[in-house]
Each structure stands twice: as structure tokens, then as C-alpha cells.
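A single structure is presented below for examination.
Just so it is clear, A, B and C label the chains in written order, and each chain counts residues from 1 on its own.
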Amino acid sequence: MPDAALSSAGAVSAGGAFAGSLDSAGGGEPVIGRRGAVESGGGAEQVRRRSLLAAAGVLGLTGGAVTVATTTSSGPAKAAEGVTKKITMYAVALPGNQFGYGLTPETATIPGPVLEMYEGDTLEITLVNTTNQRLSIHPHGVDYSTDSDGAPFNNSFNAPGETRKYVWRSHEMTATSGRRFTPGSAGYWHYHDHAMGTDHGTAGLIKGLYGALIVRRRGDILPDKQFTVVFNDMQINNKVAPNTPMFEANLGQRVEWIAIGHGNFFHTFHVHAHRWADNRTGYLEGPSDPSPVVDNKDLNPGNSFGFQVVAGEAVGPGAWMYHCHVQSHSDTGMAGIFLVRNADGTMPPGAQEAIDRFNGHQHAAAAAAKAGAQSQANAGAAQSQATAGAAQSPTTAGTAQTHVHGGTGQ
Amino acid sequence: MPDAALSSAGAVSAGGAFAGSLDSAGGGEPVIGRRGAVESGGGAEQVRRRSLLAAAGVLGLTGGAVTVATTTSSGPAKAAEGVTKKITMYAVALPGNQFGYGLTPETATIPGPVLEMYEGDTLEITLVNTTNQRLSIHPHGVDYSTDSDGAPFNNSFNAPGETRKYVWRSHEMTATSGRRFTPGSAGYWHYHDHAMGTDHGTAGLIKGLYGALIVRRRGDILPDKQFTVVFNDMQINNKVAPNTPMFEANLGQRVEWIAIGHGNFFHTFHVHAHRWADNRTGYLEGPSDPSPVVDNKDLNPGNSFGFQVVAGEAVGPGAWMYHCHVQSHSDTGMAGIFLVRNADGTMPPGAQEAIDRFNGHQHAAAAAAKAGAQSQANAGAAQSQATAGAAQSPTTAGTAQTHVHGGTGQ
Amino acid sequence: MPDAALSSAGAVSAGGAFAGSLDSAGGGEPVIGRRGAVESGGGAEQVRRRSLLAAAGVLGLTGGAVTVATTTSSGPAKAAEGVTKKITMYAVALPGNQFGYGLTPETATIPGPVLEMYEGDTLEITLVNTTNQRLSIHPHGVDYSTDSDGAPFNNSFNAPGETRKYVWRSHEMTATSGRRFTPGSAGYWHYHDHAMGTDHGTAGLIKGLYGALIVRRRGDILPDKQFTVVFNDMQINNKVAPNTPMFEANLGQRVEWIAIGHGNFFHTFHVHAHRWADNRTGYLEGPSDPSPVVDNKDLNPGNSFGFQVVAGEAVGPGAWMYHCHVQSHSDTGMAGIFLVRNADGTMPPGAQEAIDRFNGHQHAAAAAAKAGAQSQANAGAAQSQATAGAAQSPTTAGTAQTHVHGGTGQ
């Protein structure tokens, strides 16, 4: 189990704040989970991640010693000197009547880049609106004044073509009466549009203006890889199977999942063969941490949670499913694959066959989605409508509309 | 950050149980959140709150020393001598085919008064049914015999015009094997009708027969102000925007939110710029409390939770939105304003303009609600129907029916 | 309060793993909650429970001393030598187009038997498919290789008539960096079909192929009785009131509830007059356990949770309701009775009358369900459709369709 961040060599990376950790390839396609590991010794990949921030202004480094000490003691976190990071984000129209956020106009993706900070840090975001729509960026969890609210009633939004600055601050926990503490900002949060279409950003959300925001407590274990999963109406990251993202890791890598809900439907997020503590981090904070351990969790609009798992731990490599556990939702395409490769990166026996089965046998759903829609956004809406009907009549679910990805059994 | 309740001068108020903390103004309108701070020295407001209980029978005072000691030690709470409080509640028909509970027939409101007790206390409620409907009062969280169940199959209800006594008891945690404890009664609970319309009180709930019930552990931090927010079908406290309550506090006041869900729909409760620990109290119970910190939480029928925030902490004063984060729900009016005034009670710059924007720009929703309904209760139902339709078809949401409260941007 | 499992005489039973704890009577009817108490001295009932496992292969006994020591210390659990238990399960067609799992073909029930293991144990399940359908068994929470996934895309399922082995492993928590621990397998989990009808097992789930799976941490308090409650679409254990299970216990018995969600709808599980800590076990792990105490909890598809209550504690014996708190769901039959008898097993005053009221006054719902359906499975679907309609139009709920079980009040 790699625990790079807290090894002695890793003190700097534990203390170093990074942001913009999402890679992207050509064609506007997000390539999530293809990023290499964050090496404790500071490999090429780690430099690349940091360089996003460095290029944007400030390299977020604080003393590694402070980081480790804060967490391994049971005392309250000491206030560390937070850094201010400045980044520019672009809201961009994408093909298919979709929209995305990106760190450059060319790399806008759905979901947008993972933004990260440590408790005490400030993130100054210059949002460039390259579209002809009113839009904004509204964060969950962090501290902001009304002029960074992202809500139109506070006059906090970008008019079409406008550039505007939003400032997100954060803080550590503070002692109150007795042994009680006011919570710090650490959490698996998210950001999203709050202005397109309606004053709640309903159109911007449907069309892809959302992303993950992580605020870490100093000393938190850093992952090797990160996956952002957004259950948005009846889609995952605005896709339906078999076009949902295939997340990949090697056996033993520490993988961080950030799960976000948006839209109008209720969902439950399930991963096969992996489980996590239902608390702030996903690992137990001590032997008497009373948190339940789960592998299925409600993921409703505006919700977000995150957790780390060690890929394939106790179960081995292979192709594992993640999906919404509402039956009519998984049957109509809210499912994808978490591919755990062998430790050396090679494919485990049977995995490719499983992926082929998953990809090759859901023509019904794909055909239905295409027939009913002119664009991907509309396809999502059509999918939603079809599924809402199915939800009311379970007996009709599981027939023509359904996503049948492995129908070899009978 | 005011922490009056546990200051040395505040020991009495920390130990003093109070109930009936909801003010009310003329016209049957609940005035929530307009109550002044509970001063540690026992100001006029505190006397007023207590007088509700005192008038009803017993002034709930226990030794302040016991209160503080119980909580600041890490040992189990010692059994304190609970008090028995006797109050009379009235179930009353309100205009618009609504119903409410009140501590007098003239002050019945939706939601009903906040009822509070300490673990170990008993609440004897004499419920006067002034209506021509079968109804009852059923609590969550506390201890009661079958004849105080409020469920008709247990013959526990008020016939039309009947007066009936319900007894709610409570208890502290008790040690079990090892370090384990059977939970005490402390929690953010609620009470509601369980007999009107159906044996589950469905009609009573739709029409307003519900309220908050708080059981405190001795030593819990007391708030300066309290807001009760009930997501009931597609309304908040049986209102839609812009008629939803505007909750007000001054910068730095400790505000307690009690959130309750009722009806037939799923919701997520979100407050802008404020966050809380997702545990029993909303503040961390120690530096290693593993609870996640959230600003968005599922609020489904029968659910309740509560938390305290310091108004404007780390973000400053202003008009902040609270709303359901299900997009079609917020768009059709499940939204309101949390107004954080300056510390001296004056309006912060821009806040009135924001409120005006919020109030002035949602004619579509208001008009639709009025056109489709003869009464407020019916309006609620119509709203629900319209929204249910919208929920199935996200593409139609955000158009004519929607709540557009700040459409100045484009 | 009986605490048999951890009394000195009970050390063996605390350490003894058992499985298959569901009794069954003739006619394919599950008889849940009729099982006698697990006596600390090892009475006849306890032997019967164990004999299920003993007959299946290995009697799961480990040293009682290890069990107790592991839990009462605050250190990490020490790895105990897990045992491997081999059982045979049968998937069987039941009357009314239903299906069930059983430990013999004659005793298949809905839900299937409660399967239990201790962290570190392995369960080898030989699943005999006696039906003409493709099906599988997929567990939540435990460790399994892809060939035991139960998912068709991994070629892990039983063809019609096929016998196939599934292996579920488990593990204790393991130390990570600092005071952090990777979670162990302990939890209130569940198992279900993942192959009938669709690749997510939608048809198998609708028709009854599900059950509870408990992984215990050594030293966990053992219950006297167990109740499995599955909210599956609009039914409880594939029944609607008044045919939902009546769970029975004597005053003072420690009762373990395992709650599971399946299907397409969102629900909230509520029990009258009993409450539990919303954590891993339902009891507090220490005086500073920050978990909220609840009596109403979301129970959505794929979710599961469990907790122990002492029957009638602080409230006394009687007939108490458990139900979904979504109003249209309880009104149309998602409700049942938790009967707390006197400590000597006799009926408390008024309880039989309450049961009669509950059973005798819901003809409308029963009639509607029967009229619209040819089989029980179809009845469930019809019920779902009717309720979905009601959910959209709350004003029509509570009339002809509703479950009126105590209409004596007006």
C-alpha cells in the first residue's frame, strides 16, 4: 500500500498544496484517472501537477514538519500560514450544447478540473466567461463574501463574455467551549454554476458546469490517483454507458474518489469490491472511530463526499463495476468500470473480456438515447424522461430501454 | 463568537430548561428568527422564553454546576434529576385550510412552537383539539407509552373537540458492556400529527401540524437564535418563495437550525456560506471527531437534524440563500434568505438590494401558484403537481414555472 | 437489559460465529422474529442456530477471551485466526412468481437467511440454482475475486440449473499512517441477485432474491433476536400491510434490526418509540461518540444499516408501528407492527386490540392491490404504479387507495 505522502521523503508533497489535477487529452474529452501516480520522490507527474499551480502564480508549499505534526498529535490543529493561490478558469461552450470549466480554454472538460487547497489557503479564481450565457462559479464548503457567492441575487455572476474574480478562503478548526471545536473547512466539496438558465444555475448544471473541490486538513493522506464521479440527472459525468468513464488504477494504488450529485433525481453510488468509512476521509480516524463502513451511499443533488480506497485491496485486480444502485438507473446506463490492473500495469486475466462484454451489449440503451435526441444534452434529458417513466412502473424497466452489458448467460 | 451559555454567568441558563421558544405576531403569521438573543445574564427575552414554561407550571431549573461538569469531563453523563414540565398545546384551524399547533389558541403557527427539554426531563402535554378533525401529536426521539403514541391503532388521538394528555419522557445515556453506551434522548427531533386524514396523519402534515422538539444533553452549547425549516412536500414551512421565511441574525450570533422533512418528496437542504459537522450537534466533539463537515444534507420525510452556526463567521454579513438543492425544487420556490446583519443590527451594504431582487423577480412562480389554487393548501398541492411533472422532464424546468429571483444578468 | 453475549458465561457465544439464523415454517412463509432468545448458557435455541453452520461444515468457534479483549481495549483489533465456513444455498422459485434463497430447497424465504461471519472469516457458498433463470449471489461489504462478483460481465453467475461456488472473505481493520486505520469488514451488509432479468439483477430483486449479511467485529454485542426489513420498491419483504411481518420480542430482549433497500424508490425507515445511534453498531462507542441518535433513516436502493435496541426500553410493552415515513408509502401499506410482549411473553393490555385494528381496517389497499394484479409480484408493481401517481398528487393520497388501519376515531 503506497503511502507516499507521509513517508519521510514525502513530507514536502504532503505539505505542498496542488490544484488542477485533472489531465485532459485532445478533442474536449476528459481523461479522468489516466494520470500517473504522485510519487513521493517528486516524479514527472507530480511536477506536472504542481506546475499547474506554479504557472498560475504561487507554488503552495508549507513546511512538511508542520503537516505531519498537526495530524499525528491528538491536539487541535495549529494554524498554519495559509498560502494564496491564483488561478484562471475558463467557462467554455463544448460540442453538443454542453459547457465545461477548464484551466485553459482548450482543456475545458466535464467535470471541470479538481481544485485543491489546504485549510488556511485562499484560492483566487479569475473566471473568464468565453460564452454568450450568464454564468458563475459557486463553491460548497469554503468561505466567501457575497460578491463571490456566484448567485445572481447577490449580483455575483459573469455576464456573457465577462471576466470576474471569485475568492474562496478556508480555515482550520477552532476550539470552542469544553472539548468542542468549530469545524474547519476540510472536506470533499464541489463547485458549480449558479446562474445559467435560472438563478440556481439549473441549465449550467445540466450542461456540465461542475467540478470537484478538495480542502485537505494538514496531514491528510494524499492519494495516488483521483476520480471524479458526478451523478447528474440520469447520467454520469454527462455520459451514459458504455460511454461513462473507465477509471483505471494499478493494484495497490491509493485511489481517491470524489462523488458529487446534481440535477433532479435521487441516486445511490455503489462500487463493487471496495468499501470505505462513512466519515470525513474514508479511513478510520482511530480504532474507536464509530463510523459505519459502506459501499453504497446516497448521492443526491448538491451532495458530495469523498474517500480513498487501495485499488484491489483484499480482492485482487480485475474489472469492477461502479453504478447507481437504483435499478432503473443502472439498467439505463448509470454504470461504468473501475479497472484495477496488475501492480505492474498489465491487464489481469479476463479483464479485457469483461470490458468487451460491458461495452458490446448495451445497444438498446445507446440506440434509444440517440434516437430521442439531437445532442448529448438532449439525450440526457430524453434518458431522464424515459427513466422517470420506468421508475413509476418497475415492471416495464429491464426491457427494451435497458443497458444489458453482459447478456451471455442465458 | 458569543458563547453566553457556558460562561460562568451563564451557568444558570445552561442548566435551565426552556420550551416554547417561538415568538409569534398577529395574524397567524409565524415570526421565526426575530427573537432576541438569550443573554447569559438573563435579559428580558430570556425571561419571556422561560415565562412560557413558568406560566405553564414548572420552571425548569437544575444546578448549573452539574450541567457544565457533565459535559466537560469525558466520563459518562451523570443522571441529573429531571424535571417535569406541563404545557398546554392547542391544535387550531388556520386560514386557507391550514392547521397549526400553538401554546395558546391565538398563537398557533406553522411550524408549531419549538419544544425543548434536557435529557431526564418529562414533558406533559395537554393537547386541546379545537378543530372538527381527528388529530394527535406524535413525537420522534423521546420515550412514551402506547397511550401517548399518537397513532390511532393504539387509540391514541384526540377526537374532534377532545382534550387529551400526552406524556413524553427522556433519559441520559447508560453504560453497557465495555466502553459502549446505550444512547440518551438528546437530539434534534420533531413532533407532528399522526391521525388526520389517514392513520399516518398525512392530511395533518400537509396542512401544517408539525414542529421542532429538541432534547439537549446537559452542557450542550445553547444558541442565541433558532430557526425551524420544514421541507414539506414542495414547500418550506408551507410557503413558496418569495413568501418563505427570511431568517435573520446579527453577525456573530450563534444560530441553531432545526431542519425537518415531511410529505412525499426527497430533498436536500443547503445553506450558502455556512457549514456544520454532520453529527449530533453540528460542532466537533473533539479534535479527532471524524464527522464529515457538510453544507448540503438529505432532508426526507420523517428526517430531522440540527446544527449551530455562527452567523457570517469567516464570510461576513449579507443576504445568503438557503434552499433545496434539487434543481426543479429550488427553481419552483423552495428557497429563502438567511439575512446576516452587521453585528450592531444594521443592514450590510447591498443586502436590501439582494432581498429586493429575490422578492421582485419570481412573478412566474407566484402567478402559477395562485392561478392553480383556491387556498394556500391547494396552492401547495398544485405546486407539488406542477413540480413533479417538471422533475420528470428537466428540460421543461427552468422556463415558465420557475422562480427567477434575480434575473438581471442577461 | 439482557447482555448475555458478554457475560462471563457467554464468552463462548460471543466468540462463536453463527450463520443462517432465520427460522422458517411450512408453506414458504418466512417466520421472522419468532426465534427464541440466544441464551448465554447455551440453550436449545442457540444450539439450533449453531447447528445450521455445524451441519454445513465448520463450527465457527474462536476463543472467547480474544473476543472480549479485542473490543474492550482501545487498541487496534488483533488479527484473530478466521475460520472458513462452507454452506449450500438454494435459489428457488416460490409461488406467485417470486423467488427466494434458502439453506435447503424447502426453506427458501423472502428475505433469505441472515448470514453472519466475524471479521477474518471466510464464507464459501455453494449456490444451487434450482430455477430456469440466470441468477447469482452478489454480496456487499465483503472481499471477493471477480469470479465471485455475481455480475454477468465478469462471467460470474449460475446458468439455469447450474451449481456454482462463491467465496466471500473478510478482514479486520489495519493500521495506516498516524492514528488512521483502513476499515475492516464489519457491518450490516446484504446479498442479492445480480443477474436475473438485467445485468444488475433487477428482476431477481423485484421477485425476492435478497437477504442480510452481517460481519461482526470480535467483541460486538450479540442480539437475542434479529429482524430483517427490506424496503423493496413499494413493499416490505415483498408484502404490503396487513401482510407485512409482525416482529415480536419480549420486553428487555436485545433486538437487532437489519434494514435493506432495493428497487426504484426512495424511502425512510421509522420505528416508533425506539431509537439508535447512527453509527456502525447502533450503540455509542464511548461517552464522546459524536454520532447522532435517530429513529428515522433514509433507506434507498442498495443501502443497508443495522442497529440493536432493547425491546420496550424506557417505553414499555405494546404494539409499536414501524413504517416508511414517506406519507404516500405508509398510506399504501409500507407499515407493520413491532410487538413488544411482556417480559414473560404474555400479551400486554390493549396490544391485541391494536393489532386487530391494524389488520382489520385496510381493506381498501388490499382490495386495490388484489384487483390490479394476478400474482403477488404483479401486485407489488400495481401498488408501485398507484403510489407513484399518488406521490405526484398528495391531495389525492389518503383517500380510496390508502391503508387505513385504525379508523375508529371519528
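Note that in this section contacts are C-beta pairs under 8 Å (C-beta built on N, C-alpha and C of every residue); 3 or more make two chains touch, one makes a residue touch a chain.
Predicted model only: the values in this text are computed from it and were never measured.
At the interface between chain B and chain C, under half of the residue numbers involved are used by both copies, so each side presents largely different positions. Taking only C-alpha atoms, you rotate chain A by 120 degrees to land it on chain B; that is to the nearest 5. Note on chain placement: the centre of chain B and the centre of chain C lie 33 Å apart, centres being C-alpha means.
Multi-chain contact residues of chain C, defined as those touching 2 or more other chains: 74, 179, 266, 277, 281, 284-286, 288-289, 291, 298. Considering their complex, residues 74-77, 133-134, 140-141, 143-146, 149, 151-155, 157, 159-160, 169, 171, 173, 176-188, 195, 197-200, 202-203, 205-206, 233, 261-266, 277, 279-281, 284-286, 288-289, 291, 298, 300-305, 378, 381, 384-385, 388-389 of chain B touch chain C.
Contacts from chain B toward chain A in the complex involve residues 1, 3, 6, 71-72, 74, 179, 219, 221, 266, 268, 270, 272-273, 275-277, 281, 283-298, 310, 313-316, 318-321, 323, 325-328, 330-331, 335, 350-351, 353-354, 357-358, 361, 390-395, 397-398, 402-410.
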